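Both complexes shown next keep subunit A, but they swap its partner, so subunit B is in the first and subunit C is in the second.
Up next is the complex of A and B:
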């Protein structure tokens, strides 16, 4: 089983502001006090909107605490609702907007798909992985995406097949490819291991 | 090096003082290929003993395959190309043209498209507008020209997209205000401009100031090679040494030596003719729109279609 990164696997840079933008939307789905401090202590020119997934036990978010008073702050308690907030913000946004996504891959790639649907291009969107490394897994057999996968083998939430989670990633789907591990010898399924904590 | 067609000039129309439209058909009677909006072709014009090659945008409907159309403005300081098309060209004449190349394509993932034309820069904009209309895409056209008689494609545009064409006539003191035109546009808007250098630069500056990223700002300009002082050239791979006269571009002089140099646009835009400078003992006069500031400063690259050397001799890896 390959654990080596393949070409399609995303590599994330440390988040930096794009100071050529005139409106900045920061979408965060995980805590990172050091990153929050580094970014928000030195904000770019222009207006800012912070959209935060607030699903942790700690309501005292470093993101919210560091935010400038002039910035707009929006939060929701689950990812789908947080993505709805982002959709509304993008709908009202104008050219000159930059989008920054920080969080687990499942959240930042669903947010990326939303940005794609508004016609944003790669030079307008920046991403950084934070928090859990759990993977969204696309079943190549039934096309269902199983979310929050921590193990190398997982039952598909759509068809129930035991899927082997590959490193092969689709930016369009925002998910790793999963294929049936016992297709050749039915029932021969190795024990799953937690490798994406 | 490029695929080419022999064509017959089927029809010449005088559109305005100094602007002529040519309808071209293949000499062998076959259909042309389909092209994409924003494409150009290179015409090989018989100027005396040498072939003179000029790029012109295709302006017709990209899906019409029996006729291609171009429009040519007579350049005040023509080195012969546009003057030949205005003074010598006749219906029925045959010349060679290249296959189409597109350095100014539409972004089909865009959600709204703003097309801007200055003067004869309307030609690629017209084929882009036709393609957008056919796709059912959301677009608007802003067309600036010197006086009412120079709005030569105004009627065609109005037919194509009624109510979405905005006219700016210089004699009526109308001018495009780019910081207003580009402000407050929804996400996913793309901007395309073809026109005079000053107009293109003003629009790009306005876009950058409003935070537009480069990927949404599209422009096309073709530069005509300017003459200049003669200089000496040595080609190491072809083993040639010659002088570039004042009225030929470096690329044309290389071609006159029988050396098959790469090119596409011949207007400093595409980068195809990029050539390595091994050494030079003069000042490189970069006129292209392609090389970066660092590449220019390195003195190791030149675009022979529009750039030259001031004094001395240069050695090229060609």
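Up next is the complex of A and C:
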């Protein structure tokens, strides 16, 4: 693992259960059979809800297969609907709830923002990056977030400027910073390279 | 002491200029011929009469013009002033600290009258008079932090202290050296300073944070920071980078003296009494290369600093495009003689 260029970039730990919790909400937005097996074969005490983004219409999800029969299972086919399921689950949750987020950064940080809005603290929420490393990019000029960015330079979906994608990350916005790459010499835009597969 | 306030601009026609007195008191930041980050904090105790350290908050000849420029920036982008909802106590702390300091330091310019929680604030340079109830935001024309920082030179961040950390949870940022409040608000100390090169590896931010967490009320601290700016422009925000980025490409040997400015930030930190937050004031001073050349020590020193500055810092400070041009201009004003340590002009 290389050292991070910018200290605002999140560093993720391997997900582990927080056994001090009494209810566990696991929000998954990508497949990882080994992780699903490791976590679900050894569940913590208390009740559990699994909320899964099923965007590949893959019925053989390791998450769904490994889940104990006593747990609640919810899924949706797109991220916004999956986040809605999480919102409903958090709305009905009580003290002692622990939230585990596993998936691409776009999904887990939108889920984190939801958790913040319900007053959950940083130590009640655990995150782990899985799946694509595509970045959500906040345009510092027009404040639009362009999602699913795989390249180091990307046109802003709001203002169209060619944005350079920095490593500087805002947890509050759940996005990396983008700024106009050719501001000092207009039109001088290098070819974009895929950096975040 | 009365101040002759200048009519001048920090954009478009750039009529900003320094009087000889302003050049003489310019907080030149380089003690020696090489520069590297350090935890260069010292107690913010009153300095020499007339110096930028004389008072807790320095007011100078650019006061009215800077307040005007801030108002223009805020009108174009109200998001340059932001405050998270839990910061209201710290906002009032800030208003009190600045009003008390300014009225003590500059009684001919500012007056604060208190009758219990019924306060009256008089700002003569801006011709304002406001009666309000301390603690009741509805009695001011805008929230207390915005109200007072619209009337004070320098950018301001209020940091909230919790979890053994400092969070940048409020800011009035219209004169920044290329960082975005809209993006950075809410960040922890390390996250906020994330993009700064080399300093993390040197442990500078770790030690600075430890030091600041212990900061006591009534014992503010200060440090100087610096960068370079083309034209005397206060608003060098990432938000408006498309407006000022091209300026960096138009430096020529003929215009270096007037175009290129050394931008020095007098950074001061104050513990706030009720909220236990911390006010971080970033007071910007601009001097053109011609201004600096008034005193031969300064261009010679700056020449040596730029010549030896690590590439990471050149890049981070945005100097890359014109480094050579400005270094050559300064080289002609450096006879190579040894310079005694210190920042003094003479």
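To be clear about the criterion, the second predicted complex is superposed on the first by the 192 of 197 C-alpha atoms of A that agree within 3 Å, B and C clash if a C-alpha of one lies under 4 Å from a C-alpha of the other, contacts with A are read in each partner's own complex, and residues count from 1 in each chain.
Going forward, a residue touches a chain if its C-beta (ideal position, glycine included) is under 8 Å from a C-beta of that chain, and two chains touch if they have at least 3 such contacts.
These numbers come from a predicted model, not from an experiment.
Novice: Which of the two partners, first being subunit B and second being subunit C, lies in contact with A:157: first, second, both, or neither?
Specialist: neither
Novice: Looking at A:20 after the superposition, I want to know if it touches subunit B, subunit C, both of them or none. Which is it: first, second, both, neither?
Specialist: After superposition on chain A, A:20 lies in contact with subunit B alone.
Novice: Comparing subunit B against subunit C, which has contacts with more of the residues in subunit A?
Specialist: The partner making contact with more of subunit A's residues is C.
Novice: Quick check for you: in the superposed arrangement, does A:119 touch first (subunit B), second (subunit C), both or neither?
Specialist: The answer is first: A:119 touches subunit B but not subunit C.
Novice: For A:47, is the partner it touches subunit B (first), subunit C (second), both, or none of the two (neither)?
Specialist: neither
Novice: Going by the contact rule set out at the top, does A:185 touch subunit B (first), subunit C (second), both, or neither?
Specialist: Only subunit C; A:185 stays clear of subunit B.
Novice: Is A:132 contacted by the first partner subunit B, the second partner subunit C, both or neither?
Specialist: In the superposed model, A:132 contacts neither subunit B nor subunit C.
Novice: In the overlay, answer first, second, both or neither for which of subunit B and subunit C A:95 touches.
Specialist: first
Novice: Using the superposition on chain A as set up above, list the residues of subunit A that contact both subunit B and subunit C.
Specialist: 122
Novice: Please name which positions on subunit C make contact with subunit A in the complex.
Specialist: Residues 79, 163, 180, 182-187, 190-195, 200, 205, 238-239, 241-242, 245-246, 248-249, 321.
Novice: Help me check something: in the complex, which residues belonging to subunit A touch subunit C?
Specialist: Residue positions touching the partner: 6-9, 122, 138, 140-141, 143, 161, 166-173, 177, 179-180, 183-186.
Novice: For the complex, which residues does subunit A have touching subunit B?
Specialist: Where subunit A meets subunit B, its residues are 20-23, 46, 90, 93-98, 118-124.
Novice: Touching subunit A in the complex: which residues of subunit B?
Specialist: Touching subunit A from subunit B are residues 109-111, 182-189, 208, 210-216.
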